[in-house]
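Worksheet for the structure shown next.
Note that the chains are named A, B, C and D in the order they appear, and that numbering of residues resets to 1 at the start of each chain.
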Amino acid sequence: MQAASSIGTSLDFFLFVSFALFTIGAIGAMTRKNMIVLLMCIELMLNAVNLMLVTFSTYYGNGDAQIFVFFTMVVAAAEATVGLSIIIMAYRNLKSIDIDMYNQLKN
Amino acid sequence: MAKDLTLLLLLALPLLGFAVNGLFGKNLPKIMVGSLATGVVFAAFLLATTLFSGLHGTQIVHLFNIIDFDQLQINASFQIDALSVWMTLIITGIGSLIHLFSMGYMSHDEGYHKFFTYLNLFIFSMLLLVLGSNYFVLFFGWEGVGMCSYLLISFHYNDAQKGLANSLAGRKAFIMNRIGDVGLLLALFMLLGQFNTLEFLQIGAAVQQNTALQGGAMFFITLSLFIAATGKSAQIPLFTWLPDAMAGPTPVSALIHAATMVTAGIYLTVRSNFLFELAPFTKDIMLYVGLATTLFAAFMALRQNDIKKVLAYSTVSQLGLMFVALGFGAYTVALFHVTTHAFFKALLFLGSGSVIHGMHEEQDIRKMGGLAKLMPVTHFTFLIGTMAISGIPFLSGFFSKDEIMAQALHHNSFAYVVLVIAVTMTAIYMFRLYFLTFHGAFRGGEALKSKVHESGLSMTLPLVLLAVLSIFGGLLNLPGLFFKGAAHWFDHYLSHSTFGLSEVHNVHLDFNTSIGLMLFASAVAIGVMIWAYLNYAKRGALAKEDTALSGWERLSAQKLYVDEIYHAAFVKPLLALSHFIGKVVDIQILRNGIYALADGILHSANLTRKWQTGFLSSYLFWMIFGLITFIAYYILKLSVWH
Amino acid sequence: MALILLPLVFGMIAWFIPGNISRIFGLIASTVALAWSIIAVSYFEPNEHLLVDFGLRFVRFSVDSLGFTMILLTNAVFFLVFLSNFNTSIVHEKRFTALALLMQFGLLGLFTTNTILGFYIFWELTLLPIFLILYWFGAFDKPRALLQFFLYTLVGSLAMLLSVIGLMHLTNQQTYDALLAADLQSLGNTSILLMGGFLLAFAVKIPLFPFHTWQAETYTKAPTAGTMLLSAIMLKMALFGLLKWVLPIFDGNATDFWRWPVITLGLVGIIYGAVIAIRQQNLKTLFAYASLSHLGLIAAALMLQNGDTNLISVVQIVNHSIVSIGLFLAAGIIENRLGTQQLDQLGGIAKVAPHFGFWFAVLTFVSLSVPFTAGFIGEFFLIKALFNAHTFTGILASTTLVLGAVYMLKAYQVPMFGPTKVNSFQDLHWSELTVFAILSIAAIYLGLAPHCITDFVAHSLTQPTH
Amino acid sequence: MSLQIISIILGSLTLASALMVVLSKHPIRSVIYLVVTFFFITSMYIMMNAQFLAIVNMIVYAGAIMVLFLFVLMLLNLNKEMEPMNTKGAQLAAFIAGGSLFLVLITALKDTLILGQTYRQQDNSIGLVKELGNLLFTKYVVAFELTSILFIAAMVGAILLAKREKQIIE
């Protein structure tokens, strides 16, 4: 397994994928109004960043970045849990998951 | 008894009276309060006489240090010399008579103990003023008497009709005095700057050693001292408080506003004579201010109808006369007039107090008349007072005025002419007052007439004593042409142990001129007396009603409109300024400026709040936008750098 | 050290004791603090310099004779405030007691701290309790007035914080003695800026002329006890800071730069406050402007940095505390009994309440600085110092005597004299009587023997600083 | 070189499924596509020999979180008609913004020195469970323990928020 690992694969390809993922996530977050999909797009962006971190980590042979990815996942899990429960509560109140309905915090 | 102990006791006694009456006076019987207050002042008088009889040279009694800095030391210490002892005699002597009088006069007043408390405090402050050995202690007394004066003028503050006016009069007196005090304060600063001490003797010694001090500094110092004197002694331009001060009880007017406090300005000038000698220009100013005051005040007195107001303007006029003497450098002459004036003016005020008491608080001479029979003692003593102030020969006022006239004739004939006019007017208004009050028919109505009574012994006794003094007071300083040996006793007395006065020699005119002067003055006084008798007593001329006054009479009755002018020139602008600053500058500009600033911030916050649409997608959009800008900036920076 | 912590401990306790005895508790607490400080002073050698050092970097206290004077003043003021408050009922007594004691702690800390950061922290610490006192017990109809006070002070504090940071950063020192020894001359214009930050904070608190707009409204609407605390002791923090910290530390070009601007503002304040006070109809507002006038004089004189003048300003600081407690207490009594402070609704109280009339008169005369009172000594020498510095400033400053007479006599006469407009007026409660008596005796004693303060303080103010 | 081809195929599949997440109208489909995306990402991790993360990603993301999403979607019982959509203009703006972001990122990549670099021939064992475990329980042990607190907080928060309260904000 070790010898086969990613020999010949250029670093920039993974970075390219990471950037593209991030952009897709961002576009999705901007276009979609469904709160759940929004949350998914955020997960996408997080994963893009994770991917980049792992890429560099492997490149530099440093494990710290992977630990960081691990923590990001932990936080993402927590965030998804809380975010989803907020969505549930919000849906109960307004019977809608349209993010633009929730602009009451403004005032 | 050692002198310093005597002195301390002298000071402590009125303070004791003040403390006892102030703390327990409410619960003590009136007779005890009154006699205690009178007793301490009289005891002080006795102590003062012992000081007087044992006086040799100048002595300093040191009590304690008030301020003790490296460069500056100010002591609470007192000076015993001819001048201070003489003033002490006047204050305690006349003071005890007036205390005695007040026991009768104030007997129906509910603030009886309070009155004597204040009166004792006043005596204490006044003694501090004259006995202090430096300007600082003098200033203590100076402000202290001002405070007592305020308290006593507004004594009847809750009188139903006049309560407010009384308290306003008190306030006016205090404020005007304060203006003078500022002058004294500035003088003190300058003296400290020049000499680094406030002790009279040290300053005097410094002045003697260094005569180069003449000129600017001396001029400003003496001018400030003179401003202080105009405030306390009611000279132009700060004289308007004194007539208003008549709102106080009559004994107060007699003690504070005739005999003692108002002469503090004279005392200050005499005390600082060595400074004034170096500032001839200030002396000139003093002379002309004095002349103007004596003339205008006499004019204003001509058509006053309030018995006390006449005497008040008369006081202002007489004080002006003293300043004329000071302006000529005749310090002892001024002090001589202070003394005689204290006698006859206290007499006149107390006499008027007796009249007012007998008339049940009626002060308008248009409602009096024919009181000679109803109040014989008062009438007789009042007549003596009138004659003394008018300069009828051989009474005290005759001698003291004559001395001043002699100085004027010698130095400045213009001043002499003005003085003659003023003195003539003095005689006119005094006799007018006398005849309208005591002669003719009673004009106050029958109901009042039946109630008019002669005052009791505690009031008539001081009157009689003061009358005696008014008659014989002139003997203190006889002119040289009478008894050679006893002549000018007062001058000698003062100059032998008062700093600075030994160098000052009064002019003594030759025999013929003196006689001529005296004859002329006598003729004027007697002439006026006869004219007034014919006009008021025989012909029965009465004080006119306000509407019937001719032009000059109205000017006189309205006091030359000085109060109105001051009101328009100072009070109104100050109030307007206060209103302007308070309402416009402070509220409109400053505070609303702050509010406007806050509003501006709030407003801009509202503007930027619009950006916060609450739509998540727009936030995201802006976030992406920011991200792009951020990265693009770094790319550009890097590419440019490469 | 225990001296400083005592009020804090008491304040903590005050939260937990029942409300109905907290009034007595506050009085006892302040009495103990006062007694303790008196004992401490009596054991204190004026020329020594107590230092409490825990080895921590920022916690360092030191007491010299000036500090002790201020401690005594603070404790006395709190004692008197609690005593004078005895007759008035406050809704949340417990809160008030606790907050006041907390504030006392802050003040004592401020007067004793030896580090510049500590100075700032205690400075801010005192702000919180007074803000809450004003907020809970004041009669602010709009939150704006209160916010104005708070924000104004905070802006000043912010400037001071910047200066504190700058000072610590540039000199790399933070204790008082080290800062004194530090060479700030070489900083040039930076030191001017640093001093400016401090001065802004002080100018807001004292307050000096253009920064005073919070004062009148706050004083008027605040509860009487709050006003007393504010003007009797809180404002003194700024003067203390000026006297103890800023002027000695920035001695040199920075002080020279700021001297005349501050004196000018002080003078403007003297006349401005006095002139406004003449027309005020509200008693507390009038006293507030009077305070502006009086404090301008002290601030201006302090800037002269003359040894003797500094001593006298301490006397005047004490005197102003006396006067402001007395006058605001009088105003508070009138408000408390009659529910109004408007002068045109008052009149003839002296007849109904003779004791009150008498003591109010005494305090009025004290504030008019007639002789025999501390105010006379104070004003005389402060104006003299200004006069010596420049004749014209002295003359301007002395107008305060005349204008002061105008407004103070108005403030006294209108409610007290004249025809009686009020029917019933309960005369002084024993506690109020005690306060007035203590104040008057203190004022007269200091007026005759100011050296008991000046000699004591001289040990810490005249020691060679550089 | 086969690895390169595999990676290109994997990358394009990742991007395609990610696009489908965004583009599909129905949220359920989005979730499914998201799971697929995560699978591909996991396979990329494996390619980079980050074995531990690959497993965690698989279990936590594809397994736990996505199931959570599915549960919620089913709980809310949304139908297609309720799916809110942005206006065309807003979508266009979003695409432009996203596109320019992408361009900028690519430009940034182009300017860096790592362009065209391949992985170094070195010990690539850092992604193994053993290595990471060593790190996690020595250097990052405090942070690791703290995550448990975070999870408890998240759990409590989720329960509190999702609980049906009687008084809900009006």
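Basically, a residue touches a chain if its C-beta (ideal position, glycine included) is under 8 Å from a C-beta of that chain, and two chains touch if they have at least 3 such contacts.
Computed from a predicted model, the values in this text were never measured in an experiment.
If you compare B-C with B-D, the chain pair joined by more contacting C-beta pairs is B-C. Rounded to whole angstrom units, the spacing between the C-alpha centres of chain C and chain D is 63. Per-chain Cα centroids separate chain B from chain C by 36 Å. Distance between chain B and chain D, defined via averaged C-alpha coordinates, is recorded as 97 Å.
Inter-chain centre distance (chain A to chain C, centres taken as mean C-alpha positions): 60 Å. The residues of chain C never reach two or more other chains; the list is empty. Residue positions of chain A with contacts to 2 or more other chains are 26, 30-31, 33, 99-100.
Looking at chain D, one finds that residues 86, 90, 93-94, 97-98, 101, 105 touch two or more other chains. Applying the touch criterion to all chain pairs gives A-B, A-D, B-C, B-D.
Within the complex formed with chain D, the residues of chain A that make contact are 1-2, 4-17, 19-28, 30-34, 36-37, 39-41, 43-44, 47, 50-51, 54-55, 57-59, 61-64, 66-67, 69-71, 73-82, 84-89, 91-93, 96-100. Chain C contributes residues 144, 148, 151-152, 210, 212-213, 216-217, 272, 275-280, 307-308, 311, 348, 350-351, 361, 365, 370-372, 376-377, 380-381, 383-384, 387-388, 394-395, 398-399, 401-402, 405-406, 409-410, 413, 416-420, 448-451, 454-455 to its touches with chain B in the complex. Touching chain C in their complex are the following residues of chain B: 64-72, 76, 139-144, 146-147, 150-151, 154, 157-158, 160, 163-164, 166-168, 170-171, 174-175, 178-179, 181-182, 185-186, 188-190, 192-193, 574-575, 577-579, 581-582, 586, 590-591, 594-595, 598.
Residues 609, 612-617, 620-621, 624 of chain B touch chain A in their complex. Against chain B, in their complex, chain A makes its touches with residues 26, 29-31, 33, 38, 99-100, 102-106.
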